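In what follows, a single structure is set out as structure tokens and then discussed.
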Amino acid sequence: QNIKIGFNIPLTGDIPKVGEESKFAGEMLLAEINGQGGLDVGGTKYKLEFIYEDNESKAESAVTAALKLIERDQVLAIVGPNSSKQAVPAGQVCNDNRTPMISPWSTNPDTTKDRPWVFRAAFLDPFQGPVAADFAIKTFKAEKAAVLYALANDYSKNLAEIFQADFNSKKGDGAVVAFESYGDKDQDFSAQLTKIISSNPDFIFLPNNYNEVALIVKQAHDLGWKGPFMGADAWGNSELMTLCGDDCKGHYFSTHYAAAGAKGATKEFIDKYNKLYGYQPADVAALTWDAINVVLAGIQNAGKITGDLRKDRKNIREGIAAIEEVKGITGNMKFDAEGDPIKCAVVVKINDAGEFEFTESVCP
Amino acid sequence: MSLLEIKSLTQQFGGLTAVSEFSTRFEGRELMGLIGPNGAGKTTVFNIVSGFYKPTKGKILFKGKQIDGLKPHRVTAMGIARTFQNIRLWHDMTLLDNILISQHYNLGYNLFDLFTRNRRYMENEKRMTSIAMELLEQLNLVQFKDEKPRNLPYGIQRKIEIARALSVKPDLLLLDEPAAGLNSSDVQDLIQLIRWIHNEFDIAIWMIEHQMAVVMSLCSWIQVIDFGKTIAEGTPDEIQNNPDVIKAYLGDDNI
Amino acid sequence: MLDSIFQNLFNALQWGSFYSLIALGYTLVYGVLRLINFAHGDIFMVGAYIAFFLAMFFLQGDGGLSGPVILAMVIPLTMILTSVCGVALERIAYRPLRRKGANRLYVVITALMCGLILENGNLAFLGASRKSFPELIDKVVYNIGSISMTNLKIGVILSSILVYFVLNAIISKTRIGMAMRGISYDKFAIPLMGIPIDTIIMVTFILGSSLAGLAGILFAMSYPVLDPFMGALIGWKAFIAAVVGGIGDIKGAFVGGFLLGIVEILAMAIFPSTFRDLIAFSILMIILVIKPTGLFGIAKSTKI
Amino acid sequence: MLLEIKDLYVKYGNIEALHGISFHVNKGEIVTLIGSNGAGKTTTLHAITRVPPPEGSTVSGGDILYKGKSILKVPAHTIVSDYNIALAPEGRHIFGNLTVEENLKLATYSRPDDENQQKDYERVYDLFPKMAERRYQRSETLSGGEQQMLSVSRAIMTACNFILLDEPSMGLSPLLMYDMFRVLKQLNEEGMTILLIEQNANLALKFAHRGYVMDTGEIVAQGPSAELMNNPEVKKAYLGG
Amino acid sequence: MINTKKMSVPSLLFLLAAGTIIAAHFQLIDLYVQTVIMFIGVNIILSSSFNIINGYMGEFACGHAGFMAVGAYVTSVLNIMFFTNSKTFGQAIFAPELALYFFPVTMFIGGVAAAITGLLVAVPSFKTRDDYLAIITLAANFIIVSLFINMDVIGGARGFMGMKQIVFAMEDVAYIPWMLIWVFTFTYFTVFVIRRFVTSTYGKGIIAIHQDEIAAEIMSVNTNKMKLVAFMLSSGLAGLAGGLFAHILGYINPNSFGILKSTECLVMVYLGGMGSLSGSIIAAVIFTLLIEGLRFIIPAADTLLHLMPIIPDTFHLSQVLKWVIIPLILVILMQFRPEGLMGNRELSDFFPKLKKYYEFK
């Protein structure tokens, strides 16, 4: 008998890259564990079987994909969806149908709130926002901040707002001198940046996806900006450096793990992924890897596979909730009552070699 | 009170004056002709009367009420129907539907009746269908009622257009070159048809036509315009012999 | 404040240039076939990718060519290859439909589908990783007063203006241009004038797609992050720009593109940026309500 | 024989519109095709000028020979550019978004830019002074008759030596109609061959050398014009008495 | 007197619907299939209501999803405000059990709100035509989405949720698959309304506008009023689809109603055939099944191709191909049926015998 785990990921649509990395991380882990003969649950080895469903980055598709995995493929647990737009409704479905789900990447509190069956592997924005604010105040001696975020991306918007509130509370109202947004798939940010630059901030906070970051940073330099940028975990993608080049060097961002100088399992993961797929894994790959490991730890915690789907799913849920600590490549984690992880954040610097270099670690 | 009265109508397009100071009146149920060289402004006059253009200047009274500036569907509802120089039927609907849709001026029910299909709706639909069927019978078109006009011979299409105009029960019928594109024998039929309609329905008819055979044999009074101005009017005989008209319009027929 | 307005205007001109370039391609094809070529935005994307692969090829070649030399080669090559793509779409997907006398909206939907195929085909075969366009020319930042400009931005603006004048001359002065306009009104009569209709349509697609190719290179240089969906939204917006200018009209597309760029950027500069779409599209809508055929479009007045 | 139609069958979809018609036109002649509405006259002209589906029809049998060579397979535009056959189509089909002058210019697409071209412009403007007057007007705003003039002018401007006219007098005022026929006669005397379709059969027969009478896809009578005019059946059916 | 033969198609449809509901209730068909069926229903409403404008009236509108969004948000907000305790809207105003009875009412209000939003495009359509109108509809779509993104009370870009509470409240009254029932009801209602409209002399006015607007106006059709009615009807029904969509999903997000969704509506309308109601329905079914079906077909094809070694072991057909295959199929279909599956004809035109088995008044 196999252990079936479903993946509800965006292979097409807005963010195919995220889906691809999740899938690759899944395939890598699958090969590794099955190569060892399978997963050891209560003394028996079970082969793993992963089923990858595309949710097209659409909410309705995420729901049907989740249902298909639950009803048709009879998976024991679901990994994904990644972005909150899909994770929130899919979380509802999994919770209603009593199937454990873990979202690697979603940061919206609603994903797990009041949903005992839903977990996540990423830390939440309310934790990350202040990390960035504190770091900037300390390192840049910043009194004034500017924020540029993606309006239609709830991750970015959420984080921006939390950062704004936090920074204002620390430096007085109006300390965030510019709070600008842009739309879905925008490529030109010159108007916002002009506004930001003319408001003279000490640094610019960019809680944005790395591909947009590359464009924003370049355009800001074109417009004469010479100050620092501070980013968030969505920067953490190897592609950032290919896309952004020299422009991004010397800036900081908070994230789950630092690739440069990574040690142990983290380094192993990065090297292996790089070898297999030809590029450095982004945080989403690492988080997916951790998310799967959480599920597997939950299964092992459950102690046995009974063959009764409902019972097994329940056992796995309890198993995940009962996890003491999972040693993840993005840090060690355990879960609070809501199913959110308690883990540390790191701030990394992009050094002159273009590597993500560990600067400091902040734990809750 | 006269049926239609047009007072010094003027229509300009940009710098071009298509109709200038044009006047006419219908006392009762005459059959009048409007002729003139190409581009003289005949169709434009019809377009203004039927509400398609708002005249630059001038006044149109129909049954004593001012109608210039009204939307075309309002004008039609008041009793002026028309045909077009180039046939404009709804080619992909059946002939019956073509006639039925012209009953929009007098539907007799509203959207609520439509969705509930209550008695009012049923009765009115029945009424309109019977009006349409009666008309088709009178004009000998019943056998085509489920055909699409596109598939019918040109002559029949012309006739359908007239039937459609009649279905709004007009007091004044405007015909814009009804004989264009018809061959000689069809033209004879058309003359008969128009004469018959004029008597049977007892309505006024105003007609633009380049085929003199049609105009001269039907109209009791003819108005000639050139460059938008009336250059002559009178009985067919007077017009045919008017030297101005011959020079500007009729020409001589030796090739 | 005044400075930032000038800075914004300059940015808007640059951004509007892209809308203009793409809108010109839309309008060209539309002006001839009354076909909204919804794949145009994706042809633009194909152009950017072709430019990328060409540039990489030349950079890796051991000729040791310098950036500007490569650029000089990449531009014409990309335009040619992109137009091959555009013409292929026309030959494979649109022309058979046209021949069958399909309603033009079916060709429009086919174009929409072709766009999806290009986007997702790219995704499926090149993978989800984004491409970074190499820097072919050294960036120079000029500061005039407090306005920053780069050589690239100035180049983009100049190219779009140049393209407009060339295209306008072709359309209004040459016989081919006249034939193009004629086709849009009455395809039936075109062969009766001795005009090879398919050739004219092909020329149109070549022109339109090569413009998309040019826009692709310039865009890739200005915003060097390429992904399969980069053409989708800008394509829609350029289409909107073309229509607001008066679809089918070269001047309309040109002005419409700049107008959209300026409206978008000024809306952001003056109001909170979250309201950009709301304000920009409301303005465009109002323009269309006031001028129902766009700024330069002439209503097809039907003779009755 | 300049043009020879041999046993031509033409279909619209599955419906046959021409059931094997044959006729010919000699060089320098004026030939007219008359017949009731829907007889297939326009269909014949469209077959000659190779109007492709969906607007047009498909030839399902027979042949069309021009100077003895079949032109059934040649591309449509070469009928004008290589074979010099022009058509003023039914329904005018002017380019409404172009000005009058641009319409005429477009008609010269396949001819060399020489002084003959200039002469032809003059001739057209001379023939239809209205066209000269309206030179820069968008042609869709022309009146019905003016559009008809433009359509005929355009056919003349293609400088073909063989011109097909489909109801050219439709919508023209009597004066203009006579004028036009006079000019056509003059063109014919200068060597132009003319194939004319006309609803006004009287006029057409008066004008043409020979005529063919068509009915529902077949040719039912033919001969020199004078002969046809006196044929009692033709008289009854097509000459209005 | 009831003609039993004439009742056979309606009864068959009724039995089919009832059978599905009963099967769902006894869990004979699983939730996945149920959800797909519900999406089919929503898509039928979307495509057939869109067909009023793009098919019958012949305009090229392309912002249908905007109106769907209005319906979705209005219905959801009302339901949550009235029947649940929520952070945003406070205590429930009515007892949650009432949600069941008032669901059609809130749906209706959502539809009316969407219809009123329809004025945004209806009024410009008086003067604007063709592709200019297309842009207005497109702009309206952008504007509506942008409005919702900017409304933080209802979640903004983060989306709005809690509609599952409403469904639960209904199930508390009686545990049967309510959403399935509602979807069937509203789908039937939509098709019914549209049929009545377009077969009446009144409604045929929009077909007349399509074929020749000038002739329509001259022949006494009040074209402005007809356009108003058509746009409002179409957007109102789209609003219903939105309301259902929101409650099936339990979560809505402004970005779900962008041009992508509108594009899907366009595809369904033209795939079915302009001005063919049965075409719209068939297209909606095919399109939805195609999207879901490829989840199964692609892996199956992959296994098959690897069994008979046509493609290398390392290469796998992945779901990424889905959105290459779907448009490809549609492009090829268009080549064979360049007027859509049904053209402008109905099923009963293809199978005239069908007319004997139903009655339509």
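The chains carry the letters A, B, C, D and E, assigned in the order they are written, with residues numbered from 1 in each.
The rule is short, and it goes like this: a contact is a pair of C-beta atoms (placed from the backbone, for glycine too) under 8 Å apart; a residue touches a chain by one contact, two chains touch by 3 or more.
The chain list, named the UniProt way, goes like this: C, E = Inner-membrane translocator.
As the structure is a prediction and not an experimental result, all values here were calculated from the model.
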Most contacted chain pair (by C-beta pair count): C-E
Most distant chain from subunit B, judged by the mean position of its C-alpha atoms: A
Distance from the mean Cα position of subunit D to that of subunit C (Inner-membrane translocator), given in whole angstrom: 42
Separation of subunit C (Inner-membrane translocator) from subunit E (Inner-membrane translocator), taking each centre as the mean of its C-alpha atoms, in whole Å: 33
Whole-Å gap separating subunit D and subunit E (Inner-membrane translocator), where each centre is the average of the chain's CA atoms: 52
Touching two or more other chains - residues of subunit C (Inner-membrane translocator): 100-101, 120, 123, 274, 276-277, 302-304
Junction residues of subunit B - those touching two or more other chains: 43, 52, 84-86, 88
In subunit A, residues with contacts to at least two other chains: 12, 16, 151, 184
Interface residues, subunit C (Inner-membrane translocator) side, partner subunit E (Inner-membrane translocator) - complex: 30, 36, 93, 96-97, 100-103, 105-106, 108-110, 112-114, 116-117, 119-121, 123-124, 236, 239-240, 243-244, 247, 274-278, 281-282, 284-285, 288-289, 292-294, 297, 302, 304
Complex contacts: residues of subunit E (Inner-membrane translocator) adjacent to subunit B: 193, 196-197, 200-205, 207-208, 211-212, 214-224, 229, 344, 361
Partner subunit D, residues of subunit C (Inner-membrane translocator) touching it in the complex: 99-101, 175, 178-179, 181-182, 184-197, 298, 300-303
Contact footprint of subunit C (Inner-membrane translocator) on subunit E (Inner-membrane translocator) as seen in their complex: 54, 60, 123-124, 127-129, 131-132, 134-136, 138-140, 142-143, 145-147, 149-150, 214, 218, 259, 263, 266-267, 270-271, 274, 318, 320-324, 326-328, 330-331, 334-335, 338-340
In the complex with subunit C (Inner-membrane translocator), residue positions of subunit A that touch it: 12, 14, 16-17, 19-21, 151, 180-188, 190-192, 194-195, 198, 211, 214-215, 218, 222-224, 239, 242-243, 245, 279
